[in-house]
Every structure is written in structure tokens, then in C-alpha cells.
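Look for chain A in each of the two complexes below; its partner is chain B in the first and chain C in the second.
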Partner chain A sequence: MITISTALALVFFYAPLDAEQGFIQKIFYVHVPLAIVSLCGFVLGGVFAIGHLRTGARVWDLRSYCAIHMSLIFAVAGLITGSIWAKASWGHWWVWQEPTLVSYLIVILLFATYQPMRFSIEDPERQSRYASVFAVVAAAFVPLNFIAVRLSVAFVHPRVLTLGGGNLPGSMRFTFLVSLLGIALLFATLMKYEMAAKSARSQMRALRRTLYGEDSLVAAGRSAAPR
Partner chain B sequence: MMAFAQAPALPLHTAGPYVAAAYIVFVAVILIYVTIMAVRLGRDERRLAELRRELHDRPGAGASLGAAGAGADDRGGSGQADDHAEVAGRR
Partner chain C sequence: MRAAGAILRKDLLVELRTLETVPAMALFAVTVFVVFHFALDVATLSGQLAAGVLTATLLFAAMLGINRLFVAERDQGGFDAFLLAPVDRSAMLLAKATALFVFLVVLELVAVPAFTLLLLARAIVPLLGSLALVLALTNVAFAVIGTLVSAIAVQGRARDLVGPLVALPLLLPALIATARAIGPVLALHGAAPPGRWLAVLALYDLVNVLVAYAVFDFLLED
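Here is the complex of A and B:
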């Protein structure tokens, strides 16, 4: 909260107005960190899934599930904020010819199928194994997709961050980095929160099984979450 | 603080609504998520307490209660992923 509050203060009172875009550029400080953190979260979900496939420990499946779930939420927020920026800057909510937008949407839609896929598999062992394989493949798609978009020729989406250091002046860069840190910390906190909630539910299921037997779990219905 | 004091007035007349909308969306998405999670967590905690009470009332259920409920009693948010693994391992 402290980092995000600091970031907001820096965004509105410290970072200078962009010469070209003016005040609209302030959206950059929330949209870009959301997009970066969500994409990193998808990759993190894949890394955790590798841990699950290697060790077979359920905790890695839970981490993978929570990372992907949180990334989806952040990605949707990033998509909406980006759309608002596009309307303000380009005059359109969405531009289908722009590879950055479309590729980001494809990544979101790809990971949006993760939960329905889990839900469709009843057996917990198979569910976690298939989900991990999906998470690894989908996570590998994220950097490939990113590189493909960067290599594309025609784009109107700004390229502010590059391998050469980017075009941001010092004050803007500092503000951006604080925003990125704030949103990354928010991601970590919410992910931990969700893991705690899922863990509590898991313990409840264990107690229910002890008390009423396996039938009670069948009556409770199937779940997309790791069991 | 000096930088804040010397900051120019924000040009809110044209771009303001868009910038405000973007930040409101961000806060709203996080708030909605936290609210949903808080409601679900509260519901789960109530059910958990209910189940543990029922388990206590059953004769001879003390050992299994100790095994299944220890994690819920003694630990908070941190390390609960390990509890999850332990519970799953006992299946």
C-alpha cells in the first residue's frame, strides 16, 4: 500500500507531463506495470507448474493456479486501462490492426481457458497434471509472442521500454519503476492471500472428509481449484 | 515535498476523465477481487469452525481432529501452502 501510494503521488505530482501526449500519458504508469506483471505472472505460473511436474507436490500446483488466476485479473485490468488510453490517444477503444493489442488479447484468452479446463477434469490427479502441462506450454507462448510482436514492422503502439534503455527521462523512469514495484508487490500480496484462502478451504475439505466420509465431497461438487 | 508544492496544476479539462477512469478501473478491479475473496474466506472460516465443533462432539474423533485441524489453528496465512500439501498428502 505504501509503495502504491508513493507511486500515485509520484505519478501526479512528480513526473512531468509528456510533451507529445500530455496528461493522457499518466495512464502509462498503471497500464504498463499491469501488463508487465500479468505477463510475468503467467510465466511464473508455468515455472511453478514445472515444479509440480518435477516433484508431484500439490503445493506447486496451488502456486501455479494462484499465479495464473491473479495474472488473469491483472491482465483484464491492464486490457481495460489500455483500452481507455487507446480511446483517449487514438480515438478508438480497440485497434485490430495493432499486433501488441491483439497478441495480448490472445494471451489472455489462452489463459482464460485454464480454469474451464481444470473444471472439466474430475479426477484431482489428472486435473493437476494436465493443468501443469497446459500452464508450461502456455507460459512458453508468452515470451515467444512478445518477441514476435517486437519483430513486427508496422505498429502504432508506443515502444517506451527497449533493450537500449528506453526513451524515458529520469523522473519518468523513476516513477514508472516505483509503479512497477508497487503493482508487483500487490500481485505477490494478493497471490499469498488467495493461497491462504485455498489452503483454508483444503483443510475444511479434509475435516469434512473425516466427519462425513468421501460422499460429502462428491455432494460439494467439483472444483477448478487444486484439491 | 518541495517538488509537490511546485507542481503545476493538472490539466484535467480534456484528458482528465480518461486518466481518472483508468485509475478507477484499476482500484475497482482490485477492490472487487478483495471483496469476493473476503466474503468467501469468511464463509469458509465459519464452515470450518462449524465442522470442527461437530468433530469435537463426536466420541473418539479427537485424534483425527488433531491431525486435520492443527494447521487451521496454529498457523496464519504464511506457510499455508505447505498445510495444503500436508492435507493432500494424507488423502
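Here is the complex of A and C:
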């Protein structure tokens, strides 16, 4: 049902496209929702990690991992679409003066270290715990980082990105909201898929272990991945 | 509290007797200044560029200290011994962070004069007060985040890789604030560090101390 809603939302997305002027501007409907959803996903990963630390149940760690993993993918996609939009509308692939871009980049760099850090720890229980600690710290870091980077841009410098939320005319605002909903639903769907896949695989491995004994298991991909 | 004092004393004594970490950090910092001289091809620096060079050097030297922080505990069973003792686990965080803070202070006592001699375009003595204030706040950020990251990394396989990898993004706001705060101080005509950046540093320190205090216990469970 979630998939159908996602598909519908994306179909809607295409319908009001003719209301805007300038084709390049339409990538904004993909880029900004990606950025928003990925940032929320990172914070959500931290929230799930708090759940894991408090209850010790592995399902919270699975949720935290999937949330961060998905958010990282969405965030990189947001970075790339933002870069394309920047090149098309401002003529540069990257600008340092824009605090949103720079703080976004720093957040991506931080969460990109999540998987190397996580998989360098072999004991599974310790791995989950340490990953949760990291997720909590990193989620607390996201707003701090944005504040620090934003302050570092001199206020006299003209804001290059002129997106006033209140300036969107009705049809554009509606399209934006629909695409935001669509990307959010896509995130939720993909996250559920990833969680289902991982749960199924871990259950199957447990079954194999019971039926055939310990030796029948081949390390699946990254042996230390959360199962 | 007494447990933290005991661990701190142990760390400082070990460092004093073996002289493993801090001389390496100091030497590294001085060498990096030489590298910067050649990389930037300048004889003297001032202003924001000088602040950037100093901050970056202190960062990379601190990475060395962070890598070494928990290694002795890991290799010689210090974690298990600590878990057996009936003390509050945050004592380890307090002790290690303070030890790292002390190491960084000693590092800066060597690195800042070296920087002045080698690269700075102006006299340092009138600036020492403001510089000390900013660097004290920076050291708190390095110490807290460094301890946290070091505890995470030391249990893994590639600990010398994962440590700096995770610590760098976490330290970026502190670095931004430090560099921007020191920039006006090191300018040719000198000025006080902007209050805004001191406030940012202090806030960042506070939040990180609270977060570290909240999560550190989970790192020590067996």
C-alpha cells in the first residue's frame, strides 16, 4: 500500500509540472525533498539508536542502521542533484559561500564513516552498541554543525540561494509538498524493504544453523553486517 | 571522582615515564609547520591564513594523541579491570578526557612558540592571553570528542584509520570556530577574538560534554 501511495505521489508530481517557467528549476522538486528527508532520516537513525541503547532489542539497531544507510544514499543523491541544479542555474558545480551546502557536505562525510566504523568491530553485540552510540552523537551533531557553518558565512555576503519558502506560488507549493511526501514515502518504503530483507536473511540463517549445524553457514557478504 | 583522579594520575605517570605520545605530537606539529612553509611558499603568515595553518596543525597532531589514548587499556586488560571496580563508569571518560586535554596543552606549549618562530609575522607575547583562551576551549572539544571516538575506534580492527576518519567531521565545527576566532588575533594589527566564535566554541563544548557523558557508559559494557 505504501508503494502504491508512492507511485501515485510521483505521478502527481508530473502532472503540475507545466505550471512553472524554466525547466531547470524543476529539479528543485527532487533535490530539496531528498535533502530534507535525508536529514530527517539521519536524526531518526539517532532516535532509533537511543531506543536500542535503552532496550537492548536488536530490532532498534536494525532500524537505526537502515535509517542511516537509506539517508546516506538519499543524501548523496541530494548532493548530486543539488550540484546539477547549481551548475545549471548559477554556473558552478559547488559554492563554498552557501552554508546549507557546506554543512550538508560535512554531515554526509560524518555519516559516511558510519559503515567503515561499524564493520571494523567484529563482535556483533558490541558492534550494535557502538554503532548506536555513534548514531546518537552524530544525530546531536547535525543541528550543531548547521549552526556553526551558517555562522561562518559572513552576513554581508549576498545569499546566493534565494529560496524563500513563502515565495512559492500556490501551484508550485502544492507540487513541492506532493514531491516531499513522495520522497518521504519512498524512504519509508525502501527502509521497510531493507529491514525485511535483513530480517528474512537472519531468520533463514538461524534456521539453517538449527537444521544443518554451524558449519553450513557461509559468511554472507560482510560478515559483520547487522543480521 | 577519586577513581577518575587515579586513572588520570596513572596516565600522566605512564606518559611521563615512557614519553610515547606527547613528544611525537610536538615533533609532528613542528614538521607540519615546515611542510606548510613549502606547500604555501611563504616566509611569514598573518591573519586568517596563519590561524588556519595553526588550527590544522593542531588538529593533525591531536589525531596522533587520539589514536594512542585507549591502546594501553585495550592491550593490557585495562577495560576489564575497570569494569570490575565498583566505580561510576564516567570516571574513565573524565580521566581520559582530562589526560588528553593535558597532552594537548603541552603540545600547544611547544607548537605555538614554534609557530611564532617559524611562520608568524608578528610578536606573539601580547596575544598570548586571547590565544590561550581560544585554545583552551578548543582543547576541551578535542578532548571530549577525541576520547569518545578513541573509545569507539579502539575496539575495532582498523583503529588507526577509523579514529581520525570519524573524529574529523565531528571536530569540524570546533575547527571552524577556532580558526575564525584566532584569525583576527593573529592579524598584523591584532584584535580580540570575536565573541561570537568563543560562544560557538563554548556551546559546542557544552553539548559534546553532555552527549559524551550520556553515551560513554554504553561503550564500556562487556
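Basically, the second predicted complex is superposed on the first by the 170 of 227 C-alpha atoms of A that agree within 3 Å, B and C clash if a C-alpha of one lies under 4 Å from a C-alpha of the other, contacts with A are read in each partner's own complex, and residues count from 1 in each chain.
Just so it is clear, a residue touches a chain if its C-beta (ideal position, glycine included) is under 8 Å from a C-beta of that chain, and two chains touch if they have at least 3 such contacts.
Every value quoted in this text rests on a predicted model; they were computed, and no experiment measured them.
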Given the alignment on chain A, is it a clash or a fit between chain B and chain C? fit
Name the chain, either chain B or chain C, that contacts more residues of chain A. B
Does the superposition put A:L211 against chain B (first), chain C (second), both, or neither? first
If you stack the two complexes on chain A, which partner ends up touching A:P116: first (chain B), second (chain C), both, or neither? second
May I ask for the angle at the C-alpha centre of chain A between those of chain B and chain C, rounded to a multiple of 10 degrees? 130
Minimal inter-chain CA distance - chain C and chain B, angstrom: 16
Can you give me the overlap between the chain B contact set and the chain C contact set on chain A? none
Chain A-facing residues of chain B, complex: 3-4, 7-8, 10-12, 14-16, 18-19, 21-23, 25-26, 29-30, 33-34, 37, 40-41, 44-45, 47-48, 51-52, 54-55, 58, 61, 64-65, 68-69, 71-72, 76-78, 80-85, 87-90
Touching chain C in the complex, chain A uses residues 53, 106-107, 109-110, 113, 116-117, 120-123, 126, 129-130, 132-134, 136-138, 140-141, 144-145, 147-149, 151-152
Of all residues in chain A, which touch chain B in the complex? 8-9, 12-14, 17, 22-24, 26-27, 30-31, 34, 57-59, 62-63, 73, 76-77, 80-81, 84-85, 87-88, 186, 190, 192-208, 210-211, 226-227
Touching residues (chain side chain C, partner chain A) in the complex: 148, 152-153, 155-159, 161-162, 165-166, 168-170, 172-173, 176-177, 180, 196-197, 200, 203-204, 207, 211-212, 214-215, 218-219, 221
